[in-house]
Amino acid sequence: MKTYSRIFVSIRKLGAIRSNRKFLIGLCIIVGIFVISGIGSAISPYHPRRIGDVAPNLPPSSEHILGTDPMGRDILTQLFAGTLLSMQIGFTAGIIAFAVALLLAMLGAYYGGYGDSIINVFTEVFITIPSLAILILIAAVVGRVDVPLMSVILAAFGWSFACKVFRAQVLSLKERGFVRLAKLSGASGIEIIAKELVPNMLTFLGTWFAFIVSGAMMAEAGLELIGLGPQNTVSLGIILNWSMHFNAFTRGLINWWLPPCIVLITLFVSLFVISMGLDEIGNPRLRKR
Amino acid sequence: MKLVTQDLGNAEVGSDVLLEVKNLKVYYRTSTTPVRAVDDVSFELKQKEVLGLAGESGCGKSTLAMGLLKLVEAPAYIAGGKVIFRGKDLMSMSDEQLRKIRWRHIAFSPQSSMNALNPVTRIYDQFTDAMSAHRYKVPERKPRKYVSGLLKAIALSPRIHREYASELSGGMRQRVIISMGMSLNPELIIADEPTSSLDVVVQRGVLELLTGLRDERRTSILLVSHDIATLFEVVDRLAIIYAGKLMEIQSVFDIYDEPLHPYTKGLIDSVPSLEKKEIPRSIPGLPPDLKNPPTGCRFHPRCAKAMEICRQKEPESKDLGHEKCVACHLYS
Amino acid sequence: MYTLKYFLRRISMYGLTLLIAISINFVVPRLIPGNPVQTKMAQLYRQGVNLGGKEFIEKFSRLFYLDQPMHMQFINYMNNLIHGNLGLSITYFPSTVEEMIMRALPWTIGLLATAVIISYAGGLVLGALMGWTQRKERGSRLVSGVFVVSMFLSQIPYYILGIMLVYLLTFIFVVFPYGGGVDISLSFGTIEYIISIIQHATLPALSIVLVQVGGWALEARGLMVNVLGEDYLFLAKAKGLHDKQIFRSYAVKNMILPSITDFAIYFGTIASGSIITEIVFSYPGIGSLMYSAVQQLDYPLIQGVTLVVIFGVTTAALIIDLVYPFLDPRVGEK
């Protein structure tokens, strides 16, 4: 089935992706962090969570590059494991939220009518409700959260803003020439969505995916910081929670709480840079001359 | 074709030169060669005169109009030339000096009026901000009365001054802008396509407004338009621009009876007539790419009377006396 | 122009949102199987506290309406809400939830109000200037530098910045105190008291402000860049108006309005972020209250705080939405 949208636009964009510095740098950093954490976790001789694994409160040395924590665990191993888990939860939540947002937006904006109004109101309500407050409520009540459940909970509110934005974009694209042409030539709704709309929204969707993941990770770290995260695991926010409990500040345990902060900041900033890069690719006006 | 004009009055055109444009060049920067939108244009505008600037879309007339007051915005830039007003060259003035001249002595009414007014300020305040910027002393020191008077003069209710731009129609906005242009009594008003987005009835109103300006206040007007027919009705002299170059300039009656340049003839022939049943003839071909304009005379690819020399050498502007000027090898 | 239709529509959205949020607030804690009182008793028992046997549980359950069917509970809940009765706190028994909240709320509002106003106003001005001074393309290094820094900062969550600031300015350089809202040894109302309040509030506020300013500056710059391309700016220049006049009345005035609607949208995020920030700083606002409630599984308190946050955020957004049409002559009817 032919597509009527300018296919060469998509191909040109792929080329542009390769040449856009911001996107590449951001992507490299994220992938790099992931790979390093993965490798580090795999080759580390220490266990990230087992209490008393090694001697506690050791300062950084050649054996323990970041030292050990008050409960006798190697901090660097913790950091690797924590980073992996945080990223996993964040991305999973991001994917779920993204899928929900996209689905609802497409259904609503494309098919319009009554259903669209309902979806629209539903989305607006979710946007207005302060998500973290409800997340805290849910997490507190549910108690023992496990990793998949955590992702679902995080996704529960992360979809709303993106949905609104996606819907607006689909609405504006819906009226364009190539969509009408496709309709006239008998393409079904799903075909049009998949072959005409989505390819033209690729960079836009990419930008928002980065935002969603970033938001999910921020909420995740926030919840974990106050003790509401998945139990029996280690993630960046949980490390920060522990360090708060053990008064890491007063005891000068900067090697414990600072690395997670830095990793988190790096993740957020890289995601932001990726989204800016994608934005530039999709919107030529933003490119520097 | 006979001109269907109402006699809109024939104010005496002054003989003093108000604005002298010398070799003005306005180019647009690109990643390769610049686009030569206005390329070495020279002409004079006299006091109390209505000069029309005609040409196809994209021929550079709007760019020229904006260039006179250095209002062009990136990527356009003034590449050379002088614009002499009251003895001083506007192109070499500082920003502050130019600012004082704008609106107060030379007003500019832009092409699109739909978004030209500030949407969040009342109309009255948009009159007065210009007055205060130029320290204009309003008659009797009563600005409200003055603005009401201005609005009445363009057949708008004085109540408008409490309203916002979004509450006015397109025609009203255009008239308000021209009225604002008049408010400081400038010596020259440049009107860029003041009638293009309006319906015929409102167009008439705007044109009458402009001629009224000329007659009563003795303001000069530079009227830029692609609509030759409208220009014929209003202007004293007509200048024809093509591909960034001035092709011909004559008094309106002369140009109608005896168009000198083949392009001008083509333009006139393309206007439909109420009397003759001839089908109007358009000029074949398309305007050239201004990054790489044709060699020699820029019109030669479309000219029925093109000669060998037209391909090789650019014709210079020749003064044929009686206020006739033309750039064409037929006359050199 | 402002129409009744817009007003009604907005109010009904408000009502609907509130209703849904309150229902979620009501339903979620009741989803867990078992009797929360029983659970709490069991927990306390494990900690060595024995408040009594079955009778006690029954009495308490009745107090919390737990013996009644769900819909009755809901009606009672709503009824109580309307009367401002949020129940009894388990942790701070016999204090009511309202009391605890009222004690903590002023701190939060004071902190948030100051931080938000400073960052919004400051951010907008910064962004507007950034956009304005860069229009002639001779962008200064300073402006670009500020731009990059604010971009960077806007992506850090408040609490992380808070943690770092705490370390830097409380432990390394002992500039600011850590924990609490004020030095309680000081008597209320004295100058030292007020100074102490400011001292304690500075770091939390700073965490919020530094991050927010970046975000608003970014947004303002974007808005300004949009405005710069508009026709009315061109006419303003043609009118020979002073640069400052154009900046004030034509550029800024037009640019500010969209940011106000965005402001309303961000309330939720700001509130959420500041909750965690308070916890990091042990600042005695409702954030810390929520924290202790969560740790103690004090459901009435958790619900109460959540409710207050929901109510506050949605109402603030509503107020802005209702006031906005008065500011922007182009808007009124949706």
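Chains here go by letter, A, B and C, matching the order in which they are written, and residues are numbered from 1 within each.
Keep this in mind: contacts are C-beta pairs under 8 Å (C-beta built on N, C-alpha and C of every residue); 3 or more make two chains touch, one makes a residue touch a chain.
Because the structure is a prediction, the values reported are computed rather than measured.
Ranked by distance of CA centroids from subunit C, the top chain is B. The highest number of C-beta contact pairs joins the chains A-C.
Once the centre of each chain is set as its mean CA position, subunit A and subunit B turn out to be 56 Å apart.
Rounded to whole angstrom, the centroid-to-centroid distance between subunit A and subunit C, based on C-alpha atoms, equals 23 Å.
Under the contact definition stated at the top, not a single residue of subunit B touches 2 or more other chains. In the complex of the two chains, the subunit A residues touching subunit C come out as 121, 124-125, 127-134, 136-138, 140-143, 161, 214, 218-219, 221-222, 225-228, 240, 244, 249-250, 252, 254, 257-258, 261, 264-265, 268-269, 271-272. Across the interface of their complex, subunit C is touched by residues 69, 71, 73-74, 98-104, 107-108, 110, 112, 114-121, 125, 129-130, 133-134, 164, 166, 177, 180 of subunit B. Subunit C contributes residues 137, 230-232, 234-242, 245, 249-250, 253-254, 257, 328-330 to its touches with subunit B in the complex. Interface residues of subunit C, counted against subunit A in their complex, comprise 13, 16-17, 20-21, 24-25, 28-29, 31-32, 151-152, 155-157, 159-160, 163-164, 166-167, 170-171, 178, 265, 267-269, 271-273, 275-276, 279-280, 290-291, 293-295, 297, 299, 302-303, 305-306, 309-310, 313-314, 317.
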